[in-house]
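Provided herewith is a single structure, encoded as structure tokens, for subsequent inquiry.
Labels for the chains are A, B, C and D, by order of writing; each one numbers its residues from 1.
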Amino acid sequence: MEFGTFLVQCLNALQYGLLLFLVASGLTLIFGIMGVINLAHGSFYMIGAYMAYALAPFVAKWTGGGFFATLAVGLVLSVALGYVLEWAFYSFLYEREHLQQVLMTYGLILVFEELRSILVGNDVHGVKAPDWLAGSIPLGDLMTYPVYRLFISAVCVALAAAMYLVLTRTRLGMMIRAGATNREMVQSLGVDIQFLYRVVFAAGVALAVFAGMIAAPVSSVYPGMGSQVLIICFVVVVIGGIGSVRGALFAALLIGLVDTFGKVVFPHAAGVLVYVMMALILLWKPDGLFKAG
Amino acid sequence: MDFRGGRNVVLAAAVVAALALFPLVAGKFGIDLVTKIMIFAVLALSLELLVGQTGLVCFGQAAFFGIGAYAVVLATPQYQAVSIFWLAPLAVACATLYALFVGSLVLRTRGVYFIMVTLAFAQMAYYVFHDTPLGRGTDGVYLYVRPSAEVFGVTLVNFEKPVSLYYVALAALVATFAFLAVLLRSRFGRALAGIKANEQRMRAAGFSTYAYKLAAFTLSGAIAGFAGVLFAVKDAFVNPELLAWHLSGSLLVMIILGGLGRLWGAVIGAFAYALLQEFFQSQAIFGDLAKHWLLGLGLTIIAMVALLPEGLAGLPAAVSRRLARKPARSAGGNA
Amino acid sequence: MATPDVLMRGEKLTRRWGGLTAVDEVSLELARGSVHAVIGTNGAGKSTLINLLSGEIPPSSGRVELKGVDVTAWPQPARARAGLGRSYQRTTIFPQFTVFENCRLSAQSRLQRPWAWWERADACALAVEAARGAAAKAGLAAEIDRPAGLLSHGGRRQLEIAMCLATDPEVLLLDEPLAGMGAEETDRMLELLAELRPGHAILLVEHDMDAVFRVADRITVMVNGAVIASDAPQAVRANPEVQAAYLGHHA
Amino acid sequence: MKSNTLNRLKRLALASAVGLAVGVAAGPAAAQQKLKVGLMLPYTGTFAALGNAIENGFRLAVSENGGRLGGREVEYFKVDDESDPAKATDNANKLIKRDQVDVLVGTVHSGVQMGLAKAANDNNVLLIVPNAGAGAVTGPMCSTNIYRSSFSNWQPGYAMGEVVAKRGHKNVVTITWKYAAGDESVGGFKEAFEKGGGKIVKELSLPFPNVEFQALLTEIASLKPDAVYTFFAGGGAVKFVKDYDAAGLRKTIPLYGAGFLTDGTLEAQGASAEGLLTTLHYADGIDNPREKAFRAGYAKAFPSAPAPDVYAVQGYDAGQMLATAMAATKGDAKKFDVIHAELSKATIDSPRGKFTLSKSGNPVQDMYLREVKGKENRVVGIASKALSDPSRGCKL
């Protein structure tokens, strides 16, 4: 592999890993803090992508806005969605066994998929990136790199930085970190744990929906995109350690690298490679690389 | 408990008798359907051993099932029948080995982590059959010739006949059920129950719980592989989707639907799930909505978790509680 | 008695959680025929000490010896099978099982035979006998067929001890066995301890000072993870440091 | 019709009551007069639209025959195969054993097709495949009771191989999902392209249904081939075409593909697909009277359905093939020898153009070279005339 190609592949790996991080960070927070296994997380990503497609005409009609206006509307809707879902379906799961959480959220996947099918249909759709981001910059003599992909990476980095600041510098962040380590302690400190959960859940949903929305122009929108993302996010969380946002970032980037170079170097085993890596890491560290607490 | 008193034995005998007589009155489709359900009941029993009896929520049971099924097909040469008496042990051994490998890793983890890791390892097996030359592709593989079951030149069972397959599946179900029922009363079974109730205490008493759990996990994988063998022989066709996580999810729904902690709950669950699916897919009842039958299934699962956490087997108790207006006692104890 | 028959020995046991040292270079010996009490305020590291000795958590440094063998690297079940029994401060029983089954399952740990899948677990006479014996010793003979979850608080504490005894241990690590017990129950438990003393080495972590001074042959006082005194009861009572740190609150 | 619904309701009630007796109620000789056609197609999930188009096409062909085939009135039974291969045998058995159909029509997904074909062979039922291009179905699995109205994965690939070789490209990279359809399509391409003097520089693939192409596009750029051949469908096709364009490769390295790359996906692909060349047995602007009549008839029969596409044509031709076969046997769907003899010499007058069937039951048909113009795949010419699948492994 030439050095230039190698660098471009690294860029690809970085972009894929960062997007993965955005989806997985919400998942790991919900796991770590609320102790709820949320199989429906992939569905939120799918819902986000479909929102980017289906909301755009309405947003354009009502507000005259484009992609970013849709993004904003979608973000508001997703927070509301997360808030309502937590209240309706998740709030009584905390005391239940994991198994029941698995089932409930499995049922939710089916419901979300079918509702999507009823409301938007089963067709594949493309979503247009905003014009000023639609260009490409030349890389080497043949290749160009789409500006929008760089934009995604930049947004992900910005969000990761924002999450880091919120988690380490704010009172809410302290409560969240404490909640991931010791739920009873947080409760004994007089924090409204119910509220904390609702906020975390809404934030987790919003992250996944947002990831789906900004990914839509490059990923296109299709049924089944949710479960694909879900499984790989599980691997991210398993490798990174439950509840650790830092771990999720590290693991997502690692998976980006293994997946990107695996496809080129070992095309026949590309699907398996990520899982083999996971097995090796578990052998070495059963709790993941950065276990919270 | 399951086996106190004769009533349950009589009931079980009646059910087995009814199943044994069923082919006399049923059409081809009925025989086929029940054969399939019984195979899934064996599979559900394997999962019940883990989830209901040992407290290990495995979200990757389909992998062992699929490996068993694939092993049968891949080990059979294209145009030559192979004896089931070495094919089945071979296939079960493959599933068992993978379960041993996965178990030794995943049992180092706990709780939510365990669920996700079992899922991830099942996906790994899925991709091996899906993408690598070993699995011969996404379209699946045929078993051109079903295995033979000959002893000294006498054919014991003809697997080409659906009725024979039916009775093989019934025998397998009864044998698995009986084996597990006996196993659960043994010291091993009681130790698993203890681990489910309170693993910390079991370790303090001197049980190496890791070894016990690994044994249970491996055994469960072996039984799932056995179910896979039956499935491959019945359908004579395997596909990577047999290992997909949707099947693992459905299996969990089955055993919950039937009721956890009871062997017959898994069997009831397998039957109930199949019928529920037929019900929601029925155009006669739902018309065009039958297209969206997964919506009905999803809502049912959600309602079940919310209202009937103990499953169908717990229904009588739940109803009488409702009637007596007594508060529900927590099912899990200190899990 | 020339040299005491030391069954368990902890040497410079230390356990750190991040920056916090929960147990700090604690050494102690448990000899057959004596009750060794460990007292200290909440958070002094008593339960952590038991966890280190029983193998529930590994020490950051230090050494554990059981019957003359270095068992520092042994996992908890192996130590248990070698003759170490413990009870928990927070009751950890099998609430769905009967009292008998709780004890029988514990006794089964001595005759595990997991491969004998065809044998009924309750067909093992040895385990059944051990279970009944342990339940009777702990005063639960009358309630042997009740589900453990329905026992009174005191009953659960008794069961905790019974399960420990059912494993036929030589070393007993008892974590606040008297917590929440009434006067009558406490008396019976102390009698039981006295009865067990000759054959066993007993470590008793307890808050009830009267009880401790009634049964203990030796008392170790812990403050902030470290031992500040370890001596015969009378000497400990007279120790000014102990009085300042701990007993003073009671006096 | 009404009594039929009632009958099914009764059956269902019985099934729920006894739990098992679904199969019992299938009556004996009463239904013998009607020709029972079982449609096993995807009605849910990604391929639902394809299933509906195929069914509409098939029904149109039957109703043009007056609702009767070989003198027998046609009665439909439907099963949603969910495009789930794990349930293929089960779903096939619903039609074969429960509804006891005389003819099976299905399906779209290749993996499901394998299970369906196996069940049809095991139970000796006539099967017409209206889409799935799996080579095995008319290869090792071929039989006098299995026919296909669509294509084999090999066909568009082979046709494109000839085209790309003729256009003077020497070094080509192929890229597809690592699954049977992709492998077979690339295999066909490679066969024709190498025969024409070309060389495959590298065969790239990624796991199905993974759509993270960026790494492989970078690899293509570094290999600098003369052209790229690809097989993707559905969501993957949309994303691949867009990514290929976004990576700047569309301007420097021409992209060729099997027709599914741009079928039913142009809306989503937008300008990225403009000018792409693909091969398929159907195209926009064939403009023969047969096609016009078909489109008019379709629009009249299904006013609310989308305009007919290649899948509707395949369904329609499945109906025509069945009509031909039933006419020869006077409605007996078990006389496979007669059916095979008849279909082997018949010419099907399809909207795509006339075609015949090979011994193995696969269409011998013209493959069109198409170019994307706006939202259409316009005919440019015929890439390969009367192309026949080699049907390797077929013993007929």
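Here is the rule we go by: contacts are C-beta pairs under 8 Å (C-beta built on N, C-alpha and C of every residue); 3 or more make two chains touch, one makes a residue touch a chain.
Keep in mind it's a predicted model, so treat the numbers as computed, not measured.
*Asks:* Tell me, which chains sit next to both chain A and chain C?
*Replies:* The shared contacts of chain A and chain C, listed by label, come to B.
*Asks:* Please indicate which chain is farthest from chain C, where distance is taken between mean Cα coordinates of the chains.
*Replies:* Here the answer is chain D, farthest from chain C.
*Asks:* Which integer distance in Å separates the CA centroid of chain B from that of chain D?
*Replies:* It comes to 35 Å between the two C-alpha centres.
*Asks:* Between chain C and chain D, tell me the centre distance in angstrom, where each centre is the average of that chain's C-alpha atoms.
*Replies:* That pair's centroid distance is 73 Å.
*Asks:* How many Å are there between the centre of chain A and the centre of chain B, using C-alpha atoms for each centre?
*Replies:* Chain centres of chain A and chain B, defined by C-alpha means, are spaced 32 Å apart.
*Asks:* Which chain D residues reach two or more other chains?
*Replies:* Within chain D, the residues that touch at least two other chains are 44, 48, 178, 207.
*Asks:* Can you list every residue of chain C that touches 2 or more other chains, as numbers and ranges?
*Replies:* none
*Asks:* Where in chain B do residues touch at least two different other chains?
*Replies:* 127, 130-131, 292, 294
*Asks:* Determine which chains touch and list them pairwise.
*Replies:* Every pair of chains in contact is listed here: A-B, A-D, B-C, B-D.
*Asks:* With touch defined as at the start, can you tell me which chain D residues reach chain B in the complex?
*Replies:* Touch list, chain D to chain B: 5, 8-9, 12, 15-16, 19-26, 43-44, 48, 78, 80, 84-86, 88-90, 93-94, 96-98, 110-111, 113-115, 118, 122, 134, 136, 141, 178-181, 183, 207-208.
*Asks:* Spell out the part of chain D that touches chain A in their complex, as residue ranges.
*Replies:* So the residues of chain D in touch with chain A come to 44-49, 178, 204-207, 209-212, 214-219, 221-222, 224, 234-235, 237-239, 242-243, 246-249, 252-253, 264-265, 267-270.
*Asks:* Which of the residues in chain B come into contact with chain A in the complex?
*Replies:* Interface residues on chain B, with respect to chain A: 51, 57, 59, 105-106, 108-109, 111-113, 115-117, 119-121, 123-124, 127-128, 130-133, 245, 249, 252-253, 256, 260, 292, 294-295, 297-302, 304-306, 309, 332, 335.
*Asks:* So in the complex, which bits of chain C are touching chain B?
*Replies:* Contact set of chain C toward chain B: 54, 56, 75-78, 80-81, 85-86, 88, 92-97, 101, 104-106, 108-122, 124, 149, 163, 167.
*Asks:* Which stretch or stretches of chain A touch chain B in the complex?
*Replies:* Per the touch definition, chain A meets chain B at residues 31, 35, 37, 39, 89, 92, 96-100, 102-104, 106-111, 113-115, 117-118, 227, 231, 234-235, 237-238, 242, 268-272, 275-276, 278-279, 282-283, 286-288.
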